[in-house]
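To start, the structure under review is shown below, and the notes come after it.
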Amino acid sequence: MAFDTGLAVLVLGVAVWTLAAHDTFAAVIGFVTYGLLLALVWVRLAAPDVALTEAAIGSGVTGGLLLGASTRLRRAEIQAAGEKPGATLRFAAVVLCTLVSAGLAAIVLLLPEPAPTLAPQAAASMAATGLGNPVTAVLMAYRAIDTLLETVVLLLALVGIWSLAPDGVWGGFPGRRHQADSEGVLTFVAQLLVPIGILVGIYIFWVGSVAPGGEFQGATILAAMWILVMMAGLVDAPPVSRRWLRLLLIAGPAVFFAIGLAGFAIAGAFLAYPVDYAKLLIVTIEIPVTLSIAVTLALLVAGPPERAPK
Amino acid sequence: MPNSATAGGFLLVLAIVLPISGVLLSLVLGGRHAERITLIVMPAVLAVALAIAAAVWRTHNVLQYFVGNWNPPLGVALRADGLSATMMVTAAVLICGIGLFARGQFPSPQQSELRAPLVFWTLLLAIWGALNAVFIGGDLFNLYVALELLTFAAVPLVSLDGRAETLAAALRYLLFALLGSILYLLGAVLLYGAYGTLDIVLLSGRIHAGPVAWVAISLMTTGLLAKAALYPFHLWLPPAHAGAPAPASAILSGLVVKAPFFLVIRLWFDIMPRMPEPAAAQVLGILGTAAILVGSLVALRQVRLKLLIAYSTVAQIGYLFLMFPLAIKPEMGHPWHTTAWTGGVLQAISHAFAKAAMFMAAGLIAEALGHDRIAGLSGIGRALPITVFAFALGGVSLMGLPPSGGFVAKAMLLTAAVAEGQWWWAVVVLVGGLLAGGYVFLVLARALADASQPLTLLSPISPSRQAVVVALAVCAVLLGFIPLRPLELLQIGRPDIAVGGMK
Amino acid sequence: MSDATLFGLCGAVLVGLGLFGLIVHPQPLRKILAFNLVGGGVFLLFGAVARRGAAAGFRGDPVPHALIITGIVVAFAATALAIALLLRLFREAGRGTLGSDG
Amino acid sequence: MNLAFNGLTVVAVSAGAFFFMAGTVGLLRFPDALSRVHALTKADNLGLGLVVLGLLFQVEGPFAALKLISVWLLTLLAGATVTQLIARTARLGTSPF
């Protein structure tokens, strides 16, 4: 209990620091810390799957993205910091936000006992999915349509980012070209870490059917490895018009849709799996989905095309 | 409400799968084929929407589908009631029109892929899939994902031209939309914590008046209002809708802002039909009034045509929320409530057609003149008579003049207001109509005036594109001729307690 | 007080803090940061709900856990899009604010 | 036996915690980027190593032990890399700190 209380106070303290920090770069560092602490909270709340996702995406990739942006926007941020809102607005905001927090806190204390839960139903239906991790069962079976639509959400975000390319460089390479430095430490790390990272990523994805882990967490690690070799300059980001890249991007949702539609014929409903083949079909969906998510995440970080195709 | 999947439920799946498959295909086959793929998908999805409406009409019941055969609360249900079916048909007809119109603006490139056509056509289909997912979503979290899908498809359209103003508008739109989604999600979380389900039908049976329900519904409503750009959350809308290319403006103003409005109806009339809260409904009505007044008055002062139309959207969204005080006070089931409710929904539909036609007409005018300054419109009425006629028809519906969909909608709101003794809303409806008349007249007077020097058009405007615009404007007018019986479609599947009178 | 209640309260405060940042920070990047803080708070509230729902041998209700994972990924996609817009805006206009005129 | 293992764990983890504390103090008190980085690496390498060492007495099976050791090695690798990068940035004079 003392540990949890300390952790909660620390999370709140870091959140305040993130908001109050004068320098945006420092605020971003605060945010990354916040994400890591939240991952710890998820472990305490018996949600290891969420902890992995929070550390990998919520803190890791989001943090990297924000760090990159804060250095590129340094000048603008300092300029804009002068446009602070007036005292009246600040006061109104304090009142409003205090009210929201107080209302939410009251509700937390008012939630009914015993708490309503779907855990028994989720447990009872697990056998029909052949999975050993209930969270994966929710993501891939009970609420598979959410996951399916979410892969499309990621894809649309990427289309949105690509749409920001100047017309002249459309179809070209995303982001800046990083120069490889054969003596450099990044090159060394990329060469050493990437094989291990790919292994870990595949392991996290694979173990997701029975233990904490899954396609999102695994895909994030794979994406991070790709970003690392791009940053080290060992490979360049692919031009966005490449057919193979487009295929990789849509493979996940496409296979998901295809097997979902096949469900009409073989199991009587969209996204239904026949009991005997449930796990096989789910893994068949998960492999391309993991790949597509990994590629999408890496390209979301890489940004819009900035260099014309050769 | 049936408690199992109904025959024909698979149509609901197709309504989402078909447009999204088009998105995937366009991406992989490349921008040269995106337009063709859209043209193939369009009639198919239109047919699905019509089939869904027909099934709802024939069975007089809700069309329902449990995805993966997992029953709620564990699984996710898709449901189409009369309102969903009507909105889907509206969206389908409108998007088909917009698609035909946009062929002239985003033609397929001959050799290599181009940015704007690829992005426009894929996102048009994505918006369609997301709208359908919103209209048939039976689960609060699934609806959250659908709303995000809609946001991510809509925002990039705003900044398609890459100018600094539109980029800023898109960013502001995105921030408001994200704030809206997160508040919506927060409310859904609280409801799950209290009632153990996210399914709309199950929730409506379990929910009871109390602090949890109130805070949750308020948070969700606030979030949706931010997305619907109701006053005082309206500031993001005009630059975003005016900055987008004309066909994109048409879909943003006509359909995208209607999705959160649709969900507010779901929340207030379907999830909590037994929890009428007249005071809260009055607040929505007051915000709607403020939107009508502010939007119309600012529209009167605009110098650019597209901004004027965008501010008019702010005002017309205000009308949508007048239905809440009229359909909720003093208790559910009052005979005139259904009239008010139907008026509100009809306003959403007729505004969709009218506004889409007006934005596209403005787009054609801007293409012809190279600018859209209202002061420089003189003579355009002679040069592009059909386009200006379409604009005027749309304006008639906005003003609420007979015969038009806008007239029937506003008349219904007016009648309900008078019959329920809430005459002040009737005054709002009338004043709003007068103001709309003011800004529409402002444009038409300029457009029909003789030019001081002969007008030279920068580019010829194809008759087929003008025909599409007129057709949509005529749809807005024709809605005024619909007899009452088809309007009963709207009532199918509504909770009995919320339906009264009318028959 | 149980761990669920404790972290639930923590989430409630985080939502308020993040909303405050979202309202008062003039810089879009700080607004994006604040949006992520709010997101963390909302997910934490959901996590508290999940922890309370421990049953059937699970130490938490798995349904909210899955939804939180989906939510985190969606929030990341939103952040990526917002940052890309902001960087392009900065390149086009040389400013990093939304301005008051829009 | 168990008692002895527990004792060793307590000693090693406490020692690790001490190094972390020292590293944190160094991060806060040292004047420039290079010496701060120097303080941090001590905490990471030695502190984490001691914590992992202490926990090794508690694990079941060699696979879990291998996982713990890999955690340490990976952290060493990441720490060393980032330290290099920070130090280089600091020396080139573009440090944000």
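When the chains are written out, they are named A, B, C and D in that same order, and each has its own residue count from 1.
FYI, a contact is a pair of C-beta atoms (placed from the backbone, for glycine too) under 8 Å apart; a residue touches a chain by one contact, two chains touch by 3 or more.
Treat the numbers as computed from the prediction; the structure is a model and nothing was measured.
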Required minimum of steps from subunit B to subunit D, each step between chains that touch: 2
Highest C-beta pair count, chain pair: A-C
CA centroid of subunit C to CA centroid of subunit D, Å: 30
Whole-Å gap between the CA centroids of subunit A and subunit C: 12
CA centroid of subunit A to CA centroid of subunit D, Å: 27
For subunit B, residues that touch 2 or more chains besides their own: 74, 141, 145, 148, 152, 155-156, 159, 162, 167, 186, 190, 192-193, 196
Residues of subunit A whose C-beta touches two or more other chains: 104, 107, 111, 115-118, 122, 142-143, 146, 150, 153, 157, 160, 164
Listing of all chain pairs that touch each other, if any do: A-B, A-C, A-D, B-C
Subunit B to subunit A touching residues, read off their complex: 5, 10, 13, 16-17, 20-21, 23-24, 27-28, 30, 65-70, 73-76, 112-116, 119, 122-123, 126, 129, 133, 141-142, 145-146, 148-149, 152-153, 155-156, 159-160, 162, 167, 186, 190, 192-197, 211-212, 215
Residues of subunit A touching subunit D in the complex: 23, 25, 71, 74, 185-186, 188-189, 192-193, 196
Touching residues (chain side subunit B, partner subunit C) in the complex: 74, 141, 144-145, 148, 151-152, 155-156, 159, 162-165, 167-172, 174-175, 178-179, 182, 185-186, 189-190, 192-193, 196, 235-236, 238-239
In the complex, subunit A residues that touch subunit C: 1, 4-5, 8, 11-12, 15-16, 18-19, 24, 27-28, 31, 34-35, 38, 41-42, 44-47, 49-50, 53-54, 57-58, 61-62, 65-66, 69-70, 72-73, 75-77, 79-85, 89-90, 93-94, 96-98, 100-102, 104-105, 107-109, 111, 115-120, 122-124, 134-135, 137-139, 142-143, 146-147, 150, 153-154, 157, 160-161, 164, 214, 216, 297, 300-301, 303-304
In the complex, subunit C residues that touch subunit A: 1, 3-21, 23-30, 32-34, 36-37, 40, 43-45, 47-63, 65-70, 72-81, 83-88, 90, 94-97
